[in-house]
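Think of it as A, B, C, D, E and F in the order they're written, each chain with its own count starting at 1.
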Amino acid sequence: MTQKDERYKKGMEVLGKLTDETNLNLLKRFNDINSDFEDMMISFGYGEIWTRDQLDLKQRALITLSSLITQGAFDALRFHVRAALHAGLEPKEIVEVVIHCAAYAGFPKSVTAFPIVMEIFEEEGIKLEGNNE
Amino acid sequence: MTQKDERYKKGMEVLGKLTDETNLNLLKRFNDINSDFEDMMISFGYGEIWTRDQLDLKQRALITLSSLITQGAFDALRFHVRAALHAGLEPKEIVEVVIHCAAYAGFPKSVTAFPIVMEIFEEEGIKLEGNNE
Amino acid sequence: MTQKDERYKKGMEVLGKLTDETNLNLLKRFNDINSDFEDMMISFGYGEIWTRDQLDLKQRALITLSSLITQGAFDALRFHVRAALHAGLEPKEIVEVVIHCAAYAGFPKSVTAFPIVMEIFEEEGIKLEGNNE
Amino acid sequence: MTQKDERYKKGMEVLGKLTDETNLNLLKRFNDINSDFEDMMISFGYGEIWTRDQLDLKQRALITLSSLITQGAFDALRFHVRAALHAGLEPKEIVEVVIHCAAYAGFPKSVTAFPIVMEIFEEEGIKLEGNNE
Amino acid sequence: MTQKDERYKKGMEVLGKLTDETNLNLLKRFNDINSDFEDMMISFGYGEIWTRDQLDLKQRALITLSSLITQGAFDALRFHVRAALHAGLEPKEIVEVVIHCAAYAGFPKSVTAFPIVMEIFEEEGIKLEGNNE
Amino acid sequence: MTQKDERYKKGMEVLGKLTDETNLNLLKRFNDINSDFEDMMISFGYGEIWTRDQLDLKQRALITLSSLITQGAFDALRFHVRAALHAGLEPKEIVEVVIHCAAYAGFPKSVTAFPIVMEIFEEEGIKLEGNNE
C-alpha cells in the first residue's frame, strides 16, 4: 500500500471512531465536491493529526471544540459536537467547553454556540440531567 | 465572608495551583492598573469558571490554550503555557495543542505560537526528549 | 439577600431597561439550556458590566454593537440592536455604528450587518427618514 | 462632473465588469437601505480600489476571495464568487483559493466555504470537469 | 477646490481635533510610504466617516476603541487611545471600554489592551484617581 | 523513495523558489523545535498546496498575503513578503494587496501591515519608484 493510502486509511480508521451515519454522509459529499480536498481532510486532518498519540481523542475533541467556538465556525461545530460524543466526551463536558469559552472568546461566541450544541444533543436523543450536567 | 470575597477567594485558590511567582507578579500588576478589572478576572474567570468541576484543570488548560492560539492572543498565551504546566499538562501535550490547531486555525497561528511555547519551556528549564516530546 | 442574588438582581434590573418581551423570551430560553450559564450572563454581563456608572447605557450600546459587528457575531447583533433602541440610541445612530465599522472592520462585516439592522427596525415598526437618518 | 460622481461613475463601470443581474439587484437594495453607505461601497470600494491598475481584476478577485474566506464572511463570499467568475477567474481557480486557504486559515473556514462556492456554480450552470477542475 | 482635496481637507480638519504632534508624525510617515494609501486614510477614513454628524467624536472614539480591542489591533489602538483623549473622552471612560470588551470579546483581548492603554496614559502624564477612574 | 519523502521533497523544491537564506534559516529553526510539525509544514503546506498547478506561485502569493493580513498574522507576513518577491510578485503588487485589504479587512489591518512590508523591502534593498509603485 502506498503511503498516501496509508495516511488516508489511518484517517478513515480514526473517523470510524468519531463518526456515525450522519457525519459519514457529510464526508461523502466532499468527495463529490473535490476529491483532492477530501483527501487532504482525511489524510492530513484525521490521518496525521487526530491519530497522533500524545493526546487522546477526548482531549483532541476539547481542543477542536474550543477552536471552533472561538473562531465562530458554527457549521463545523455541528460535525464536531457529534464527533466529541463519539470520542467519549460526556454531554456535560461538551457544555462545559462552551461555558469556558465565554471567558476566553467572549459571551457572544458562547451564546451562539449553545443552541447549536443543544440542537445536536436533541437530534441524538440526549437529555441533560437537571440542566447543569 | 461575603459572596464576593468567596468567589475571589476561590479564584485565588485555583490560581495558586496554576501560578508560580512569575505569574503572580503579572496578576499583582493588574491590581494596580484597575482593581475592578482584576477582581473580575479573579472572581469570574478563575473563581467561577476554572473551579467548576465538570472538567479538571488539565482539560481546562487544553481548552484555554486552543482558544488563545486560535484567536492569536499570544501575550496571554505566555501566561497560560505556564499555567498549563502547573495544571499538570506535560510539555509534549502543550506542544500537541499547537500542532492540532494548525489544522483548525491554520498554520500561521501555530507557526507564531510555537516559538513562544518553546521560549516559556526554556525559561522553565524544560527540555523535550528528542524533539517530539 | 446573598451577593449572588444581588448581582443577578442588578443584572435583571438593567435588562429591564434594555429588553422587551421578544428579548426576555430569548433569555428565558437560556435558563432552560443551562442555568449556570444564564446566571453568568445576567450576573456578570449585565449585573457587573452594564451597571457600571462610568459609561451610560447608550455608550455601552455603541461599544457592544461595534464589538459584535467587528467579530461577526450577527446572531447576538439581533438582540443588541433591540437593546440599543431601548437604551435610547436613535435608529440613525445605530446605522452609524455599522457605517463607522466599515472603515475599521472592513466592508464585508458592515455589508452583512446592515440588512440585519434593517430587519430588526422593520420588526419594531421603525421607519428611517429619507434613508440616511 | 464633480469628482464624487466621477469616483462613483468609475465604480459603476468596474462593477459592470463584475456583476450580472443577480448582483446588481443586491446593490440596488443597498441604495434603499442607506444611500451614503451605498455610495461609499461603490465610490471607495469599487471606484478607488478595484480600478487601480497595479493589479488586474482577476488578481483582485483572488485577494478578495481569500480575505472573505479567512474572515468567515460567507454572505459576502456569495457575491464575490460571482464577481470572480465575471472577472475572468476559472471555476477551478476559485476552488483553488478555497483549498489554499485551508492551510492558512484552517480547514473549518474552507469546509464552510466549499458548499457555498459549489452552490453559486450550480446556480450559474457551471459543471467542473472530473471534480478537481 | 476639487472634491478630492475637499474630502482630504475635511479629513485633516477632524484629525486636527484628534491628533497631537506624536500622532501627526505617524501620519506623515504614511505619506512617505504610499501617498495613495495615506490619501484614502485621510479622505475616506477621516474625511468621510469621522466628519459625519449623526454621532460626535466621543461616540466615534468609543466605537473605534471597541472595534480595535475586539479585533486585537493593538498597534492601531495606541493611536486611537490618544485620539480618544483628544476627542474628549475621559481616561476613566477609555478604561471602561476595555472592561466592557472583556465580556464581548473575551478577557484575553482586554488583558492585552489594558497595559497598552496605561502606557499611553503615562506618556500623556495622566494619573487615574484611585485606580478605578 | 517513500511517498512521505516525495511530498517533503516536492515541498523543499517549491520552497527553493520561494526562499532565500534568511527564510531557510527560519525553517531550519522549526526542525529543531518539532520535526513532526516541520514535516507537516513542508510536506502539506508546500508539498501538497503550493505545488498544485491550478494556480501559479504569484497567484498563491497574493492569496497568502491577503489571508495573513486579514487574520493579522504579521509575524508570518514577514516570511511571506519575501516569498512573494521570490515568487515573482513586484513590490508594487505586494503593496497593492495591503491597500486592497483595507476595504475588505479594515484599515487597522492594513495600517499595521504596511510598515512591515516596507521594512522587508528595505532589508531586501528595494526602492519603490515615486511611492505609489
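The working rule: a contact is a pair of C-beta atoms (placed from the backbone, for glycine too) under 8 Å apart; a residue touches a chain by one contact, two chains touch by 3 or more.
In UniProt terms, the chains line up like this: A, B, C, D, E, F = 4-carboxymuconolactone decarboxylase.
As the structure is a prediction and not an experimental result, all values here were calculated from the model.
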item: Co-neighbours of chain F and chain B - touch as defined; value: A, C, D, E
item: Fitting chain A to chain E on CA atoms, where both chains share a sequence, rotation angle to nearest 5 degrees; value: 180
item: Most distant chain from chain A, judged by the mean position of its C-alpha atoms; value: E
item: Centre-of-Cα separation between chain D and chain C, whole angstrom; value: 30
item: Chain C and chain E: spacing of chain centres that average the CA atoms, whole Å; value: 23
item: In chain A, residues with contacts to at least two other chains; value: 36, 40, 44-45, 52, 67-68, 71-72, 95, 99, 102-109
item: Chain-level touch network, classified as line, ring, star, complete or other; value: complete
item: Chain E partner contacts - residues on chain D that touch it in the complex; value: 2-4, 36, 40, 44, 48, 52
item: Chain C-touching residues of chain D, taken from the complex the two chains share; value: 29-30, 32-37, 40-41, 45, 67-68, 71-73, 75-76
item: Chain F-touching residues of chain B, taken from the complex the two chains share; value: 72, 95, 98-99, 102, 106-112, 114-115, 118, 131-132
item: In the complex, chain B residues that touch chain D; value: 102-109
item: Residues of chain B that touch chain A when the two form their complex; value: 44-45, 49, 52, 54-55, 59-60, 62-71, 92-93, 95-97, 99-105, 132-133
